[in-house]
Every structure is written in C-alpha cells, then in structure tokens.
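To start, I am sharing the structure in question, which I have written as structure tokens.
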Amino acid sequence: MNGINGVTQLAFSDVWRVMAPEILLVLGGFLILVLDLFMNKESSRRLSPQLGILFLIAAFVMTIRNFGLVSDQTAGGTGELLNLSNMLYVLDDFGNVFKLLFTAGTALVLLMSIDFFKQNPEVKVAEYTYLMLFATTGAMVMASSLDLITLFVGLELLSISSYVLVAMRRNHAKSAEGGMKYLVIGSIASAMALYGMSFLYGVTGQTNLAYGAQTVIQMWLQFKPLLTLAFLLMLIGFGVKVSLVPFHQWSPDTYEGAPNPVTAFLAVVSKAAGFALILRTFLWGFSGVFGDVYIYLVILAALTMVVGNVAALSQKNIKRLLAYSSVAQAGYLLLPLAVLGKGKSIDNIWLALGQTSFYLVAYLFMTMGAFAVLTVVTRQAGNETLEAFRGLWKRAPFLAVSMAVFVLSMAGMPLTAGFIGKFYIFLGTINTEMYWLGGLLFATSAIAFYYYFGVLKAMFLKDSAVQSHDKIQVPVSLTVTIAIGLIGTLALGIFPDLLMKFLNGLHWFGQ
Amino acid sequence: MVQNAWLIPLFPLVAYLLLFVLGRRAQEGIVTAISVLAALAGFIVSLLILSDVHANGASAPYVFHWLTVGQNTLSMGFEVTPLNAMMLTVVTFISTLVLLFSKGYLHGDARYSVFYQYLNLFIFSMLGLVISPNLLQVYIFWELVGLCSFLLVGFWYFKPEAAAAAKKAFIVTRIGDVGLFIGIVLIYVATGTFEYSGVFEAFEAKKFAIDWITPDHFITLVAILMFIGAMGKSAQFPLHTWLPDAMEGPTPVSALIHAATMVAAGVYLVARAFPIFEASPDALTVIGIIGGITAIFAALIGLTQNDIKRVVAYSTVSQLGYMVMALGVSAYAASTFHLMTHAFFKALLFLAAGSVIHAIHHNQDIRFMGGLWKKLPLTGWTFLIGALALSGIPPFAGFWSKDEILLGALKSGNTTLFVLGLIAAFCTAFYIFRVFFMTFTGEFRGEKEVYEHAHESGSVMTIPLVLLSIMAIVAGLLNSPLTDHAFEHFIFGGGEEIGKVYDTEWWLAGLATVVALAGIGLSYLMYKSKSINPEALANGPLRPFYQLSLNKFYVDELYHVAIVKPVVWIGHILNFIDKWVVDGIVHLFGEGTYIGSLGLKYSQNGQVQTYGLVTLIGALLLIGAAMYAVGGVK
Amino acid sequence: MLSVEQFLTLGAILFCIGLFGALTKRNIIIVLVSIELMLNAVNINLLTFARFGLMPSINGQIFTLFTMTIAAAELAVGLAVLISLYRNRNTSDVRDQDLMKW
Amino acid sequence: MFSGLAITGQTVAFFVIALFVIACGVMLLSMKKVIYMALSIGGVFIGCAAVYLMLEAEFLAFIQVLLYAGAITIMMLFAIMLTKHDEIEKPEPITAHPVWAAIGAAGFGLVILWVVKFSGIKWPQATPDSPFQGQDNVKLIGEALFNQYVIPFELVSVVLIVALVGAITLANKEEKN
Amino acid sequence: MMGNLLTLIVFLPLLGALILGFVPRSNDSQPKAVAMIATLLPLLFAGILYANFDSGQTGMQFTESHDWIHIAHAFQDKSLVIGYSLGVDGLSMPFLLLTAVVTFLGVLATKHMHRAKEFYIWYLILVTGLYGCFLSLDLFLFFLFLEMTLVPMYFLIGIWGGDRKGQVATKFLIYRGLASVGILVAFVALAYKAAMVTGVMTMDMIAITDAFAKAPADVITSSFKQGIFLVLFLAILIEEAFFPFHTWLPDTHEQAPTSISMVVGGVLMKIGAYVLFRIGVGILPDAVQYFATLIAVIGVINIVYAALVAMVQRDWRRLLAFSAISHMGVVLLGVAAMNQAGLQGGVFMTISSGLLSGLLFFLIGAIKERTGTTIIGALGGLSKPMPILAGFLLVAALGSLGLPGMSGFISEILAFMGAFKAFPVLSAVGTLGIILAAVYLLWAMQRTTYGPTTAQLEGLPDARAVEYVPMVVLVALIILIGVYPSILGDLVNHTISSYVTRIGG
C-alpha cells in the first residue's frame, strides 16, 4: 500500500476497471457536447436524449459487469477493495447498486424528456441531455468515493448541473425562480457541509474516510464536541440535499418550478445520490462512534416523517403534494441508517443497506410513473391542482389505474413495491427494538392515506370538471415510462424476491 | 310412560310448525282443529304420565348431550316429577280449553292463524319449561314463554297501548330474568353443573368452587337472585307492574298465560328448586315478605280498578303473592296446591270476563256494564263460581288452598304475614264481587244497542267455561281432609315431606270463610243494595287511600321518574359525550392535524431567505441540543 | 504564539457574517457573495488545520483549492440564473421571487 | 479569550488583518449601495489572502487574489451592471426576519465558538515550525493534485464545463426565430 | 382433492373482480351474476371443507404452504422467510363459514345501483381480503390481506355511501390504517422474539406460537409480552370498534350501502376479535391473563356504555352499530376470563354477532329501500304493509337481545359462565347489557313495526322472493346455533382447550 503522499501512478486499465460507467457517461456527455458544437444551427438535435439513453444503458451494463468484478475480488480473498488512488475511489456493490439506480433513473427521466422537448421547443436539447449525464456522473462519484474532496466534487457536479436543469426553461419565470431557490439553499448547505468537513479534516488530518475513521475512533473522547459538530454540520448540509425536515422548504418550490422530468430527476436520482453520500460518509467515517450520534438521525427522521406527511395533507397542487410526499419518503429512507445506532452486529448494516436500496428502487418506479402520469394529466387540464385529476377514471382508465397503483405504493399499500419497501425498513426498527420508530413509520403512513387517497378520490369518486369525452392522448415515451413504473411497482410488490435475492447476494462493501 | 314425556311439548311444537307452514291464510277451522288436537293429545299423555308417576314415583332425568365446554358437558332433556306431572296436566288442560275458547273469541281476526301459532309456541315453551331437568333449560324456556307473552300481548300491534304493554312485559320480566341468569350462572360456576340433582347435592354439601364468598352467603345470594327471576315472571312486587298492562292482549291470552301458566312459572321455579331456597332461611324470609307485600298490595289496588280484566289481573298478582308467601313460610305443598287451584279458577274468571267482553263488543270498563246476568246467564254462573273460588268460600277450590297458605303462615310464627293474608283475603272477596255485582246485576250502563245485541257465545266458548267451573269447584277437594290430603302425598312423591305440612285447623278455616263472606257482604252493600255509597266513600274521608289505590300506588309513575327517565337521560348524556367528547377528540386530532398542515403550508411563503432562516434555526436547535447533550470534554 | 483557536474564531465570525448576509440581503448578487464569504471561512478553517492541526498535511490546501474552484463555478451559475431571472422578472431583489408559495 | 497570547509581530499582524476582514464583512452587511457592497467583498477576499499567507499557503493566497479578488469581483461587477445597478436597498420597516436571522447567525457563531474555545478541547500547541518546512508549496500541491487527487481534479474540469455551459445557456439572450 | 381449495376460496373472488374488469361497462346484470358466482363458489368450497373437517384435531388442516419472500439479513445473517401459507383450524373454520355466508348474501342483498361493475369489483376484492385474513397462517400474509380490505372499503363507502360518504370513508381509512400499525408492530416484534428462541426468522403463526410456548422466561420476558400485547390490544380496540375508538363504526354503518354494512358488521369488524383469539390468546396467553382485569373492565364499559348510547339513537343503523359494540363487549369479558367457557363464549358471540349484524343490516336496508329512511321516528306500524319483513326484523331483534333458541343467548351465557368465574362483580355489571339490549331493541321495534301505520307507509311492498334467501339463511343459521350449539362448539372446543391448557386454566 502506498503512503498517502506517495506517488501513485494510475494506469488506465485500473481506472477503466473501477470507473467504467462514469467514464462512459462523461465521454457520452462530451460527445453530445461536441456534436452540438459542430452541428449547424438548423440541424435537429432531437436525437440527443436517445443518444444519452444509449450511454446510460451502456453505463448500466458496465455497472452490472462491475458486480462480477467485486464478486471475483471477494472470491479471490485478497480482502482488499478494488480501489484507486489509495482508497480514494472504490468499487464495491454499494456503489454499484446506486449506480444502477442512477443510470436507470436518468434513463427514464430522459425518456420522459423526449415528450417534454416536443412541448417546450425553447429548451436546448443537447445541453439538457449532457447536463443530465454529467449530473448522473456526479451522483455516481458520490456513491463510490471514499474521499471527502471527491465526494464534495461529485456532490457539486450533481448540484450545479441540477441548478441549471431546474432553471432551464428560460421563458418560464417559475423555472428560474425554482433554480434560484435551489441554488441559494443548496450553496448554503454546501458551505455548511464543507464547514463540517473542515472540522473532520482538522481532527483526522486527512480527507480519506476509510483512514480517517480510525482516527475518529481514537480521538472521539478528546474531540467529542468538535466531531459531533462536524457530524451535524455535514448532516445538515446533506440533509438539505435530500430535504430532511426542517431543511426541506426549498423542495416544494423547486419541484413546482422545475420541468416535470427534472422534478422526477431531483426526486429520484438526486435524492438517492444524497442518501448514497450520507450512507457512505457516516457508515465509513463515523461507523466506530455511531452509537453516540445516531440519535440526531432518529430525531431528523421522525421529524421528517411527521412534518412531511402533515404538510402534504392540505396541499392541493399535485406537484407540491408529491414534493411533500418525497420529503416524507426521505424520512423513511433515513430510518435504516438511524436505527443502526442500536444495531449490534455487522448484519445490521447489511440489513440497512438492503432496506435503503430496496426502498429506493421501489421509490424510483413509483415516482417515475407518477410523474409521467402527472405530466400528461396536468398538461391536458392546463393546471397542476388536484382538480386536474377529477374523473380521470372515466377519461383515461389506464392512466387512472396506473396513478392509483403509484399512489397506493407511496402510501404503502400491500402488493405494491412501496409496501414491501416500508415493511423492510420497518423490520430494521423492530430488530433494533426501536418499536416506536417503526410505529411512527406506519402511523405517519396512515396519516398520509388522507392525501394519497385524496388523489384517488379525485380520480375515481368525483366527476370530471371537463368534458368526459376528451380522451387523453398519451405519448409513446410516457406510455413506456408509465408501463415500466407500473410493472416495476407491481412486480416488486408481488414478487419482491426478484430484488431481494439479488440484494441478499451482494458484497456491499466488498467484504 | 314417563319416558315418553317428551311427546307432550312435541305436540304443540308440531302444531306450531304445521301452522307456520300453512301460513297466515289458513282456514280457521283447520287451525283450531290442529291446535286443539295437539293440546288434547298432550293432555291425554299428561294424564297417563300423571297416573304413572302416581303409581311409580318420579323418574330419573332423560338427557342428551347438547354442548361440550372443555371437559364439561351441557345437556338437555326432560324429567318427570310429581310436581311437573301436575303442572303438565294443568297446563295442557287449560291450554286445550283456551285454544277452544279462542276460536270464538278471535273469530274473524285477520291474523287468526298467527294467534294460534303464538299460542302453540307458548304451550310448547311452557311445557318445555316444566319438564326441564336442568336450570339452563329452564332458563331457555323461561325466556321463550316470556317471548310468547310479548308476542301475544302485542298481538294487536296497531294499538299503541298493546305495543307498549308488550314491550313493558318483556323488559320488566327481563329485569327479573337477569337475576335468574346471574343466579344460574353462579350456580354453574360454583358447582360445575346445571342439573337439578347435581346442584341440590352441592347445596346440601355446601361445597362450592367459589372463594369470594362464604357458602352460606353464597346460597342466600343465589337463592335471592333466582327469586328475582321468579319475581319478574310471577309479577311480584315491585316487578308486578307489567302484568296489569299485559291485559292489552286478547283475553284468552290473559287466561292462559297471565293467569294460569306462565305467571305461575316463578312459583314453579321456586318450588322446583326448593332445596336451594330451603338451605337459606334468610332467602326464605325475603320470599315470604315479598309474597305477603304483593298479596296485600295488589289486593288493595284491585279494590278500585274499573277495568274488568285489570281487576282480575290484580287479583292474579295478589294470588301469586299468596303462593310466594307460602313458599316463603315453607308451605311447599300449600303453595303448589294453590298454584293448581288458582290456575283453574283464574282461567275461568278470565275466560268468563272474556265472554262478557266479547258479548259487549270489547268494552272492558265495568262502569259501563251491568245487568248482564239476563243476557249471559251461563257466563254469569261460571263467573260467580270463579269468584267464589277466588274468595275462598267453601267448598270451592280456592278455599282449600288459601286456607292452607294462611295456616302455613300462622304456624310459621310469622303473624304479620298471616294478618296480611287475611286482609288480602277480605279485599279479594270484596273486589271480585264488586266486579260481579257491577257486571251482572243492576241496570246496563252502556249503550242500549250493545245491550240488545249481547248474547251468550257459542259452544266453543261456553264448554271451556263449564269445564273450568267444574274444576274450580272440585279441584280443592284434592287436598282437603276429605281426601286425606291426596295432593300432598302425591306431590311429595310418596317420599319425604318437602317444606312443612300442618294439620288442618278448622277454626282457621272458619275465620277465613267469615272474612271472605264479610268482603262479599260489604261488596253487596255497596254495589248491589247500594246501602253504602261508594262514591261518597271515595270522595270522603278515604279519598287519599282511594286515590292511592286507583292510581296503583303510583308505582308506574315512580318508576318512570326514578328509573326510566334517568336512564334515558344518561343515554342522552352519554350520546352527547360520544358525539362531542369521544368523537370530538378524534375530530380535534384530525382538525388539529389539518390546521397544523395549513400552518406548515402557509409557512412556505415563497421567500428563499425564510427557508434559509428556518434551515438555520433548525440547524441551530439541533446543534445546540447536541452540544448541550455532549456537554464538553471532561 | 498564534494557534488554531484564533484562526478558527476568525473563520467562525466570517462564516456567520456570510450566513447573515445570505439570509438578509435583498440583492441576489450580494446573497451569492455572502455565500462566497462562508466558503472563504471554510477555507480559512481548512488551511488552519493544514498548518496548525492535529496532523498537519497538505491535504487541507488541496481541499481549499477544490473549494475555491467549485465556489467560482457555483457563483458563475448563480449569476447566470440571476440574469435569467432578471430577464423574466426585471428585478434582482430576492424578495420579489415568490411566484411559488403555499 | 486571548489570555496567554504573546504579543509578537505575527499576532499583531493577525489581529490587524482579522479586524480588516471583519470590518469589510460588516461593511458588506451595512452598505446601502450594491456597488459598495461589491467593493467591500473585494476587501474581504484580499484580507483572506493575507490570512492564507500567515497560514503558509502561499499558492492559495495567490490563487485567492487572482480568482476571488480578481475574477469573481469583476464578474460580479458585470452582473451588477447587467441588472439594475443603481438600486439602493430601500429603507423598510424592521421585520422579524432580520432579527431572527441575526439571532440565528449569532447563535450559530456562539455555538461554534463554544466548541472551539470553551468545550474543553485541547488543541495542540502551535509549532513555530511549519510542517511544510523547506518544501515548495506549489510543488507539494502539484504532486498531490496529480497523483493522489487526480480523479477529483479531472472531475472538477467537468464541473467547470457544466458551469460554463450552464451559465451560457441560462444567460444567453433569446435567439430570434 | 383438498389440495388447493383454500387458495381457490381466497382468490376466486379476486378472479371474479378481474373478469369483471373486462365486462363492458354498460351492462348491469352481468356484474351481479359474476359476483354471485365468485362468492357462491367459495361458499360451496367452504362447505366442502366443513364437511371434511376433523373437529377432533387441534392443529391446522388443509394447509398449503409455499415460500414466497426471502428478506435478506432480516435476522442476524439469516433471511426472513415469508410464506404463502393457508390453513384452517377449529378457530378459523367458523370465521371462514361466516365470511362465506355473509359475503354471498351481501351480493344478493345488493340492489340495483349506479356504477354496478365497479361496485362489484371493489366488493370482490374486499371479499378476497376477508377470506385471506381468516385463512392466513403467516402473519405477514394476514397483514397483507387486512390492508387489502382498506382500499375497497374506502371506495365502497366513498362512491356508494350516504350524504357524508367522503368524510366517513376517510375516517374509516385513517382509523383502520392506524390500527394496522399496532398490529404490524406487534406481529414483527413477535417474529423477532420467536427468532431469538428458535434461531430461525419466520412470520409463520404456528412456528411463532410454538416458540412462545416453550420460550424460556429470560429470552422472552413477561414485560415484553405485556408491552406487545398492549400494542396489539390497542389495535384490536380500533379494529373491533371498542370504546373509546368506536366512533368510526356508527358512521360507517350509517353511510355505507346495505350490503357493505352487512359485510362490515358481519365479517370485517370481526377480524379484530379473530386477532384477539389467535394472537392474543394463542400466543400471549400470560399477557392476556396479566391484563385480564383491564380487558374485563373495558368489556363491561363497552357493554353498558354502548347499550345506553344505543338507547337514544334516532337512526336504526347507528343503533345497530352501538348494539354490535355492546355485544362485542361481551367477547372481551369472555376473553378476560381466560377459561374454556369464556373463550368459547367469546367465539360464539363473535360469530353470532356477525350473523345477526348481517341479518339486521339487511333488513334495515330493505326497509330503507322501501320507505327511504332509517330514522326510527319516521317509521311506524310496518307490520301492516310488510308483515314478513317486520317479522324477520322482530326475529333478528330478539336474537340480538339474546333470546334463547338463537345464537345470541348461548354466546352470552357461555361468556358469562366464564366471566363470572373470574370477575363476579364486573360480570354482574355486565349483565345490565342484557336488560338494556331488550330496552333499546324493543323500543325501536315498538316504534318501527308496531303502532298505527302512517299513510305514506301504507301499501309498501313486502319482501320479494330473492330477499327471502338472505333472511331465511341467516335466521336458519342463527336458530341452528341457538338450538344445537354443538355445531359450532365442537369446531372450536379443541382449539380453545389447547389454549386453555397452555395457561393451566
């Protein structure tokens, strides 16, 4: 092993082995960028998203390949993670799972975007596409890096791309406003997180989490206030990114302002990346002292579940409603990590990782599907309130049933992926004997019935405000997205073993 | 023969089912035929069994498995003892006659068949009650007869009074029934069985599987609880109020159910379970006192009532009081004997009253009757026989049985009860003859037209009257010194004496007769010869007493004020609480959450700097709390 | 002799000034600048630890370098968003930006 | 708070610089005209560069001057010019918002101060000898950057591209169709 | 032959719902026919099961079991295996039959209504959920089916309900949603504790029961059991609509359409009782014993309180709802006794109350269909225009007030036989319910069917031929249980004995 300040030559083959998906995406992004530059103004750039999807699929495939690499490495028994630059960047199944999620999520977002471009010709297709790809790269870096600097760069790559994407509808005041809000709050959050990182660096003297963790344990007693402060500052900074209460207020506005596909991207990919970052940082950097700090995670998780759901109760704007719903989901997603404070064994960590990733996959399907339906319905109705969904059952049964499935899944009704995901997370709370937290998880879900069923009520119980013979035209790309969401939500709800078996065989941290 | 006793209740049950299948449009003749034949068959079998029992004594119970509860088995079945053999005979006999009588009385009613269905169901239930070998079965049929009473009292459902009376009958008896319910459940808990034999053994040994009460107290408790059941059914004070109201039902019903059979069930129960009561002197005392109070109390009310059926009804209450009092002083034989004789003459009185009512177009107020002797001579005669029997004039049936009760009360040393009994006897004689004189003598005081059309009913109504009259005359002799107290020997089954038996005291018999005659005499003076003006008395110095009696001592009003209203008010208050407090809290939570939601919604004011500030304050609180918890490096 | 504490204190003060500015100033440019101030405070922290920390190392300086670069990028995007916003709404006052609320 | 602090040339310099930085910061907060605010932030950046120098980060001090005091301040001035630059912050009734912001910021600062100075943490005694003694600051950074930190370095280039493209896309004037 | 009968019973209704999804929307009679077949077949199969059921056996019969979900790392390094496993024993058999009968009759009772196809789709989904609850041998599966009843109920009330349908549907949803939370917490906690004993993580009811039966006291402490039981009990109080969590029930009954009221009162509401028997008594008997007094007190409060409130209700449906609450109080009293008679009485009362609720709500629905109202004060003298309906109403009311010869009585007396052994004083207070039941039911009867008939009620039609089926079937069952209780008692006797022997009672 090389010393931290020693000279390490990175061979391309090594880099390719570890970073193939990232490299592919960056290359893809630059390819589109270059094409965009060299194509003349008149030529159509409409195929950019399709190209982007191709690259995402390639990255997806490379990620799948990486699972094999990790398992080979484990079978080889060296006990060493595949890594670059002295544990700066690692290849393990934790990262791989998230990368699958990111690439799949972004691919779906781009699929939805095809329709969006048709409706909004002023949006620059090529820029949009490669910003998406770069943002995904940033998310991947967040999932795989073990170094504070790299994590930070990845985070900013994702964030800055997102700011631009949100504000991209240039003639749209709300879009710019959403971007501005996201940017201001996001930058403050970055500063907070960085401030925390600086303290962590101050105590450990290095930016690497894997090595720093040892120092954290040694120094814990002497530097408890400072390290706790560092932990909290980072938590707050990351918390803003995944919109934990009370750091969530930007998200309804931003979600509302952003174009639908971008909202979906923020809700799924960006949020998942945030959780990857949180898990990576806290499970590596603070694993030794987690018993002393988990309580803050518990507090935030509980607060997020309660406030997220309660705030959504009175919401009539469907996009804002989904924003609050995604706030609440962040609370659920934080639980697996939070309960680890009482988890005694390493198995608890595997359980927590399984829970988070399962829920994120479920969340991916249902959220993507819901946003696809929402795009169609709100466009047809011309507004984004619940009224737009009135009598949808009569106008478009397929849309209504799909939306019902997505909404029920978010509410945690059985036979949907959302339920299994919630149940899985719930197991962790009971396993660590934090019964009240598990109870709160489902109790807040029960409160959430009120607004989720409000959507169902609008679709099935009420008569349409508009003429019922206005059949809704659903574009192919959105149909595909909805279908994927529907199949995923139901398949994972009825046969969760499809994913469970896979999760069970993973070498999360390359062990 | 005894093993075939199950046939007796089966006949009316089959009749009931047949009528039910035939439906409400069945012809009156067929309906009557089926019913009467069934009852008659039952009567014949009863007679055979009676003679069998007379010859061979009581049988062991015949039981079959009904329900398994863990290791225990609950069974159903039947048994025949002298007591219930007697009851079976009486019930089937009177039933047959009443069924016959009803053909005339109910003729032309749209729900004729339904009436017979109910009656058959009642007869079945009553017989089932009588032959029960265990307390659970008794309770089951106990409730069923109550149901039939309810159905029959409310037979004319469109009359609000009938509906109210039916409901009242059911609810008031149910209050008593709950006592019985608790009683038998406690017996089961303590002894592990409902069977009479098992229960009696346990009570004799005073060994109970219960630890929260001493055996002696437990016996008293159970005995009183069971007696409460009897009080409800046998209309003992203070649960007597339903019986007079129940006269809203058709008169045959009053005769059968509310005079002869069902109301005697309470007495029968106490008699059947007498070993339980005998084991507790305290309970017996209570029973005696209740009986005595009921006897005099109802008799006093009876003095002033104007509804012919109500007078007879109060007399029923009063006579039931006698029987209960007799049980209270352990005069077991006297009580059961009076039960039997009373069944005959009271059924007779009711049917005769029914005949009168039927004749004058369902008018029941004696103030608008009079001089009917000429129009209804047979009815008049039979009513007179019944009245004499009720008054206790020798040699009619009532004389012998009432005399024995008075004797028992006297010999038990409880002089108060004895005196009460005597006074009640005087009142009884007075009011029943008041009715007689006002109905059958003098001038008719109602509409002329009605009087003109009044005539004796057909044979279906008169034959029962005659047969019952005969019984009312001769039944008393069964337990007279003239027959060497044959009834007593029979009822004891040739074995040990149950309760206490005393030799006849002739002076007492004389005294009782004199008292009864005095009552009749006073009645004659007031209502026949008019030498004493009843109105002057009522409005004169006795006015308060008159009012009390006329208004039934305001018991109903008292109940209404003291029980019904408060309970309804409690209901309203609880309903209010349910709506505004229990549900209100729920709504408060709901509304509160929603208001919280609105608050959270409107805190979202669109200002990015507010969001930042909230983030900052949240962060500060979290960090501050954390730093407080960490508390620095020690 | 100077030690960690003085520099950290300076950093903290600077950070809070930036924070306060970001939350109260009305011009979006100044808000963005205030955020830069916060990042500068972080940089002071990082450099302090690189020089006087428990385990002094060059990593702090590297970190600072990255922070600076990214802060510049962030500011650039921020200003671009501002321009876009200004074009749409003709104001750079942060408090006018409340089309979306509730 | 500053007890036990020997007064040397270095400490005096530090306090002067610190006062200057804070003063510029406060000016930023209290100035009425946007343009003055932009100027005062330049002061902060330069002051910071001086602090960096004291922390023996010569290269970063240099970058600070170049990047912040130079490029960023200029960029900001451009932005100010592009928008309504002569705008004066309007006097307005005192609302709760700035008060709470002040409380929040001050509270935040106090908590950090507490952690740094009063929570009982024993900071290491400052050594007069630099850990980087005798080594070229730029070389050290360069070596680390191109060996250990080459991946984030490459990534930053992507970030910059994103910022560049993003800024152009957003700020570009509408093409006329 | 019996291999997959349970699966068929559970999923045939769902299949029916699927088929209905493809029936053209305009047709109205077709959906009803499909629904009828989809509920009749399970009824027949349930009958076959009953005929082949060995009541002398304690364990589960006709079991089906397949592994379904493996949840990774759920317990240490082991997966949680969730099985799709179904089975019946003496306890679930009566509930199965009750469900089969009431749900089928519910279809018959459904009147012509708008959006008929959707109605039956939701109805059939609900039926599958109900069957699933009673047949699941896996706690997870049970919970799944329990939740499955929520959504259809929301729509069934929300679309076809009365004037406050939206509000009541939501109330129903939230209440029962919260109840599910308690149930789930308790279930999973039980599974984890059982896993600590056996080392195998499973949600299988039988395995967990066994594990708890032989667990050493230091692994599963009594305070744990008590805590979990309290959570479970709280959930049951909501599920079963016990005071003070009962307010959803009167509202639901008041607003729901007739057939749904039948199913809610007849089956859905009884799930809580089933959980109480199966999990409370079956797995945590010592905790039940520990809290016996509390349970009994709540039981008595329910009996008396609900009866008093029922007395002053103006609406028949609310009255019946409170009456059902009062009756179910007896179940608590019986369970609190924790002896054979009490528990058996509890099961009897649950089933009896289910049948009676089904019958009563059907009758009130029929009356509402004709008169347009269920307000007691607006009715009167119904015996005249509709003697058959009035007669059945009387029978049902009498059954409900515990008249011997019908199922209510034997349930009541069994429960009290048990309860008086354990809580003589409380039970004595509880018997007030017997009187009050007579008071409110007869009072309502008196004002509904008795008395003079008002002009606008004159000439209304009596029962139609198709309406006889639910009435006759339900009355026949009620009387059958009342006259020959062994038909039910023999089924449950052994299962309950096994519970009782476990607590040494």
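As written, the chains take the letters A, B, C, D and E, and residue 1 is the first residue of each chain.
By our rule, contacts are C-beta pairs under 8 Å (C-beta built on N, C-alpha and C of every residue); 3 or more make two chains touch, one makes a residue touch a chain.
None of the values given here were measured: they were computed from a predicted structure.
Asker: Which number of steps is the smallest that gets you from subunit A over to subunit C via touching chains?
Answerer: Contact-graph shortest path, subunit A to subunit C, evaluates to 1.
Asker: Could you run down the chains that neighbour subunit B and subunit D together?
Answerer: A, C
Asker: If we define chain centres by averaging CA atoms, which chain lands farthest from subunit B? Would you check?
Answerer: It is D whose centre lies farthest from that of subunit B.
Asker: Ranked by contacting C-beta pairs, which pair of chains comes out on top?
Answerer: Contact tally peaks for the chain pair C-D.
Asker: Can you tell me which chain is nearest the middle of the complex, judged by mean CA position?
Answerer: So the chain sitting closest to the middle is E.
Asker: Please compute the C-alpha centroid of subunit D, do the same for subunit E, then give the distance between them in whole Å.
Answerer: That gives a centre separation of 69 Å.
Asker: Return the distance between the CA-based centres of subunit C and subunit D, expressed in whole Å.
Answerer: 6
Asker: Using mean CA coordinates as chain centres, what's the gap between subunit A and subunit E in Å?
Answerer: So the centre of subunit A lies 43 Å away from the centre of subunit E.
Asker: Centroid from C-alpha atoms only, then distance subunit A to subunit B, rounded to Å. What do you get?
Answerer: Computed from C-alpha means, the inter-chain centre distance equals 78 Å.
Asker: For subunit E, jot down the residues that touch at least 2 other chains.
Answerer: In subunit E, 174 touch at least two other chains.
Asker: Which residues does subunit C have that touch at least 2 chains other than itself?
Answerer: As it turns out, subunit C has residues touching two or more other chains at 4, 15, 18-19, 22-24, 31-32, 48, 53-54, 56-59, 62, 66, 70, 73-74, 77, 80-82, 84, 94, 97-101.
Asker: Where in subunit B do residues touch two or more of the other chains?
Answerer: Expected reply: 601, 604, 606, 608-610, 612-613, 616-617, 619, 623, 627, 630, 632-633.
Asker: What's the complete list of touching chain pairs for this entry?
Answerer: A-B, A-C, A-D, A-E, B-C, B-D, B-E, C-D
Asker: Taking the complex as given, what residues does subunit A use to touch subunit B?
Answerer: Interface residues on subunit A, with respect to subunit B: 180-181, 184-185, 188-189, 192, 221-225, 228-229, 232-233, 236, 240, 245-247, 249-250, 252-253, 296, 299-300, 307, 310-315, 447.
Asker: So in the complex, the part of subunit B that touches subunit A is made up of which residues?
Answerer: 593-594, 596-598, 600-601, 603-604, 606, 608-612, 614-615, 617-619, 622-623, 626-627, 630, 632-633
Asker: Considering the complex alone, what residue numbers of subunit C touch subunit A?
Answerer: Interface residues on subunit C, with respect to subunit A: 4, 15, 18-19, 22, 28, 31-32, 35, 38-39, 41-42, 45-46, 48-49, 53-60, 62-63, 66-67, 70, 73-74, 77-78, 80-82, 84-85, 87-89, 94, 97-101.
Asker: What part of subunit C is in contact with subunit B in the complex they form?
Answerer: 19, 22-24, 31, 94-95, 97-102
Asker: Any idea which subunit B residues touch subunit D in the complex?
Answerer: Against subunit D, subunit B makes touches at 609-610, 613, 616-617, 619-620, 623-624, 627, 630, 632-634.
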